[in-house]
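Two complexes, one shared chain (chain A), two partners (chain B, chain C).
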Partner chain A sequence: MVVKIIQIILYPLMALMIGIFFLGLARKIMARIQWRYGPPLIQPIIDMIKLFNQNSVSHGFMFNFGIIFSLVGSVIVVLFLPFGGICPLSSSGGLLVILYIMLFAPLGVALSGGEGANPNISIGISRKLILALGYEVPFLLAILAVMTHYETISIVEVVKIQQNAGWAIFSLPLFLSGIAYLMILPAILGLRPFDMASAPQEISSGPMAEYSGKFLALMSIEHAFGLFIGIALFVNLFLGGASNALIFFFKMLAVFTALICVNAVYPRFRIEQALKYLWKWPTLLAFTGLVIVSVIGR
Partner chain B sequence: MDRNQLVKWLKAPAKMGHKYSLHVVYFCTGCGIIEIPPTITSRWDAERFGVIPVATPRQANIFLITGYVSVKTLKAVIKTYEQIPEPKFAVGFGSCPINGGMYWDSYNTIKHLDKYIPIDGWIAGCMPRPEAIFIAVTHLWTLIDKDMAEGYKKYRRNYKDYRANQEKALGKLEWPPLFSINKDKDD
Partner chain C sequence: MSLQILLIIAFGGAFFTYFLGKFSSRARDFFAVLVSLALLIMVGSLYGGTSYDIFYTGFFNLPLVLKLNTLSWFFAITITIIGTCSIIFSLSYMKGRERTDFYYFMMLLVNAGMLGIVFSGDLFSFYIFWEIMSWSAFLLISYNKGPALAAGMKYIIMSVIGSMAMLIGILSIYANCGTVIISEIASFMPSASSGYILFILALFFIAFGIKNAILPFHTWLPDAHSQAPSPFSAVLSGILIKMGTYGFILIFYSLMGMKFFLDFGSGIFNFHYILCWLGVITIIVPTFIALLQNDAKRLLAWHSIGQIGYIILGIALGTSMGIVGGMFHAFNHAIFKALLFLTVGAVEYRAKGVRDLNSLGGFIKKMPITFFGALVGSLGIIGIPLTNGFVSKWLIYKTLILENHPFLAFAAFIGTWGTLLSFYKFLHNMFLGQLPEKYKDVKKAPVSMQFPIIVLSSIIILFGIFPGIPLKVINTITTSFGFESLNITIWGIVSETGTLNMINIFFAVFIMGIIVWTLFYAGKKSVTVSQEDNYAAGAHIPKEKYHYTVDFYNPLYRIIKPFLKDIISDFYYWLVRVVHKFCDGIRRLYTGDVGDYVLYIIFFLTSLIFIQLRWKPW
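So, the complex of A and B:
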């Protein structure tokens, strides 16, 4: 019991640390790919210290509440995700709960940004929600394939089965679903070529346009949690999870580095191009995967 | 570079944060903006000093005015400066904001920008090289260390005079005063 309470307190903090480390690493890797020296690895922490010490402008009750709402949603999702052996809330809930609560984060950002009453925010939020509409279809199909194949909705069970039977992405029935999830992962994390929701050059960083000071710092924390959740879910479902935390971290690191390399070289899609792409190839692959799982895999 | 000195961080985290995380909003008023792309990309890489461009004044804490300021642009410059959350630093880039530069006898440009908003530092030259921006950044670090980069406090203190100057150049301003004007001289 005591161990569980300590885990519930410390695990989101660790997730936050990993997310912030990823933010710093992303900037460093991008810099090295572009033949620059790049900022120090702790630059996001320096930015956050600065932002918490800067004045900020609030735009009303919903503006404050939306950020807290999305942060709480992210922390709850983190508690349901197994990280190696650590999973404080493993006995209650499963993939379905994660799917429901994962919607909190974008909804909170939308609520909060809507109060900002800046046209750039409205454009950014509409792009973000349209993008969510695009990737939710292949995402749900891929997760449905996993649940059908392993005949469980518990994510801990999925990890346990994969420990014995091998990684899902290399097993025959789930191969296509894994590829589909990998193709939509940049859209879930908001990395290029799917960063049209927060495009600084077109719409002044979209939903973030009115955030200043501590609000912006909370948004970066939320972004760090988002990175952690997206990658940890992929590692748990398709890369076999891990028996200890260190191996799990290195798997996440490998996935994230690959995604950042894609992020560094590709330009941005327009929103209708992104929707066309997301509803064509990943959906097709995920649907074929689901058919294979439900017809041949039995 | 003392970014890695732990003692300084523990003593004054806010000051160190403001030093090493300068988020810049570049105001592209004139030809000076052509020096910015090489500064922030691979050739000179400003990001290693923690200097990155941001898209909106709300997220920024340093305001770089690159080039001459016409009367019409001055309105946007003042609005942008007032939107940046404190503490904020303003830097004039090139000789035009300093004293008009080659537009010294133009009827339509502002000659001395620091009459209208407080400027913490100048980068002289026409054009200054990108290296000059880095020298300016290190000078700004020194100023922040010695608590001398306090233009925003000056603006708050002397807002009445700044507002009067702004109204002299632009006529009646359509936005309300940022601070109350009647309050005199006290912070």
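So, the complex of A and C:
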């Protein structure tokens, strides 16, 4: 019991640290690819502390509440995700609950931004939700393939089975689903070429347009958690999870570095282009994967 | 005995309300609320009881039966909760409008009819109450006149077709078994030929399908829901269409029996499997059509069809978890859809009848309680954890995945995303964003509107955290059908294949909420400013619309719109035109000239004589 409480407290903090590290790393890698020196790795932390001490502007109750709501959602999802051997809330509903709590974050930001009453925010949110609908199609197909193949809705079980049977992405029935998931991972994380929701040059960072001070700080915390969740879910479902935290971290790091390299060289899609991409190849692959799983898998 | 008293109060109260209204409108309002509250309390006190009594035998010597069991209690309590809430809501919504006596009379009559349906133990009284409900609903739908009249016509034509199908089914059952008492028919069913069963199923499928608005019988619903007065839309979407669900449960599991129903048909043509796919189509297409709507009530109406898909899916799955999920979703949908219609009603009331999503905005500042209700209702219909909608959807999804129906599960999941998108649009366009200049003086919703909104919102959250309370009742129903009992705790469901525990989630959310909130308030305090101050950086900007609402999901619309034609509705209209043309042709025979009629008679007689001479049939 005591161990569990300590886990519940420390695990999100660790996830936050990893997320922030990724944010810093992303800037560094991007800079090096573009032949710049780049800011120090701890720059995101410096920014956050600075932002917390700055003045900020609010637009009312929902503006404040939405961002808290979305951050709470992200932390809870983290508690459900196994990290190596750690998973404090494993017995409360499994992957289905994760899928649903993952709705907290976009919905919270959307509700908060909505009260900001800035057309740029609304456009950004509209794009974000359309994009989400876009990647949800292959995402759900891939996740359902995993759940159907392993005959469980518990993510801990999925990891446990992979420990014995090998990584899902390299196993025959789930290979296509894994590839499809990898193809949509940038969209899930909002990295280029799928960063149209927060396009800074077109719509002043979209949902974040009205945020200042501590709101921005909370948004970057939220962003850090978002990175952690997106990658950790992929590692758990398709890269076999890990038996200890260190290996898990390195798996995440490898995936993230690859994604950042894509992010550094691609321009931004328009939203229609993104939808067409997401509903074409990844969906086709994931769909075929699910057909294979439901025909051969049993 | 007590059921008879209950129905007498329900019907008598309705009539008495009408006459009371002729003397004093205050007394009438008071009495209407009193009747609905009394019904709520009476139904509540019947919990756990069972009874069976023959109340009348004079109708062709058929015993007409009233029965009480957990299934009927479950639907009755839903009816009375929604009924009471919408009556209370009507108090200010209907104030100052014409024909209010008639309105309250019909509202109470619909409720009474529905109570009659769930308590009737034989098919004839079922049919009678069904007709009372259908016709009073018609009068309420067309209450507003104008386009509402057309919507009402559409509804009643389809409803009559359904009723006729049901009547044929009932008469056929009576001719074959000699009884109309449901429990007695059930013992006859296994010996019937499968062709006959299919015939009966098809007839009742049409009857209940039309009321339940599953594809392809949904076309009456969007018009009827959006044109009816808002408190009645809540009843209509909340429970009236659930009478179809009740009928399905009755036919499938009470009349046919679980084993018989699940084994009906073979392979992929198994009846319940086909019904599952129908449910899934009913989820996806209407949900995405809803995304395109600009009228708030029309959006909700299309979502009613979509959510019915989930209910049908759960019920047709035929596992204990699936049917528990389906029935719980029926209850949940009643609660949150009624709540959403009431919030739209409140906004409509304050915005002087405007419910166009493109011209509202910023109402959160003026009507915070209403916004809160709309938010909770939206979270419920999306199925966010800690709302009741989550638990029922979780049960359905889990069944789908573990029973190896991944494609059905996928469709249901995508339906949830469609719901999320359209309900964000709903909240954003109506409550968030910029408040139009002409609504600067809008006041809060009246207390009699806020009260039902608060009650329904609390039910959503309460049963989201303690799903065990309603699930225990539903579990009793499903075990009485012969399904295995689920291990239900007050927090959720325990099973080997995955446990659901809402209290863990609740505490996690609660504690994390406190931590994040502390973090938020530890930061420097923020200044609340109006929209122009930040957006225009204090500079003067013309007072115009700065609210991105029209075509909110434009890029998406452009891609999905070609696929979302309501082909079925077009088909029905085509059918109407064909019938119209045909009848018009027949009408031309009736020229009104006596000479022509004499000619017809002579022609007819000659042809008879000719036939007799040629073939000698007589």
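Rule of thumb we're sticking to: the second predicted complex is superposed on the first by the 298 of 298 C-alpha atoms of A that agree within 3 Å, B and C clash if a C-alpha of one lies under 4 Å from a C-alpha of the other, contacts with A are read in each partner's own complex, and residues count from 1 in each chain.
Methods note: contacts are C-beta pairs under 8 Å (C-beta built on N, C-alpha and C of every residue); 3 or more make two chains touch, one makes a residue touch a chain.
No experiment lies behind these values; they were computed from the predicted model shown.
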First, second, both or neither for A:S243, with chain B first and chain C second: neither
Contacts of A:P39 with chain B and chain C, given as first, second, both or neither: first
First (chain B), second (chain C), both or neither touched by A:S205: first
Touched partner set for A:T257, first chain B, second chain C, both or neither: neither
Contacts of A:G213 with chain B and chain C, given as first, second, both or neither: both
Contacts of A:A31 with chain B and chain C, given as first, second, both or neither: first
First (chain B), second (chain C), both or neither touched by A:S56: both
Touching partner for A:Q163 - first (chain B), second (chain C), both, neither: neither
First (chain B), second (chain C), both or neither touched by A:D47: first
Residues of chain A contacting chain B in one complex and chain C in the other: 53-57, 210, 213
Residues of chain C touching chain A in the complex: 362, 364-365, 368, 371, 375, 382-385, 390, 393-394, 397-398, 401-402, 404, 406-407, 409-410, 413-414, 417-418, 420-421, 424, 427-428, 432-434, 492, 497-502, 504-505, 508-509, 512-513, 515-517, 519-520, 522-524, 526-531, 533-535, 546-549, 552-556, 558-559
Chain B to chain A touching residues, read off their complex: 3, 13-14, 16-18, 20-21, 23, 41-42, 45, 47-48, 50, 52-56, 58-59, 61, 85-87
Contacting residues of chain A [partner chain B, same complex]: 27, 31, 34-40, 43, 46-47, 49-51, 53-57, 120, 200-201, 204-205, 208-213, 216
Complex contact set, residues of chain A against chain C: 8, 12, 52-62, 64, 67-68, 71-72, 75-76, 79, 89, 91-94, 96-97, 99-101, 103-104, 107, 110-111, 114-119, 122-123, 125-127, 129-130, 132-133, 136-137, 140-141, 144-145, 147-148, 151-154, 210, 213-215, 217-218, 270-272, 275-276, 290, 293-294, 298
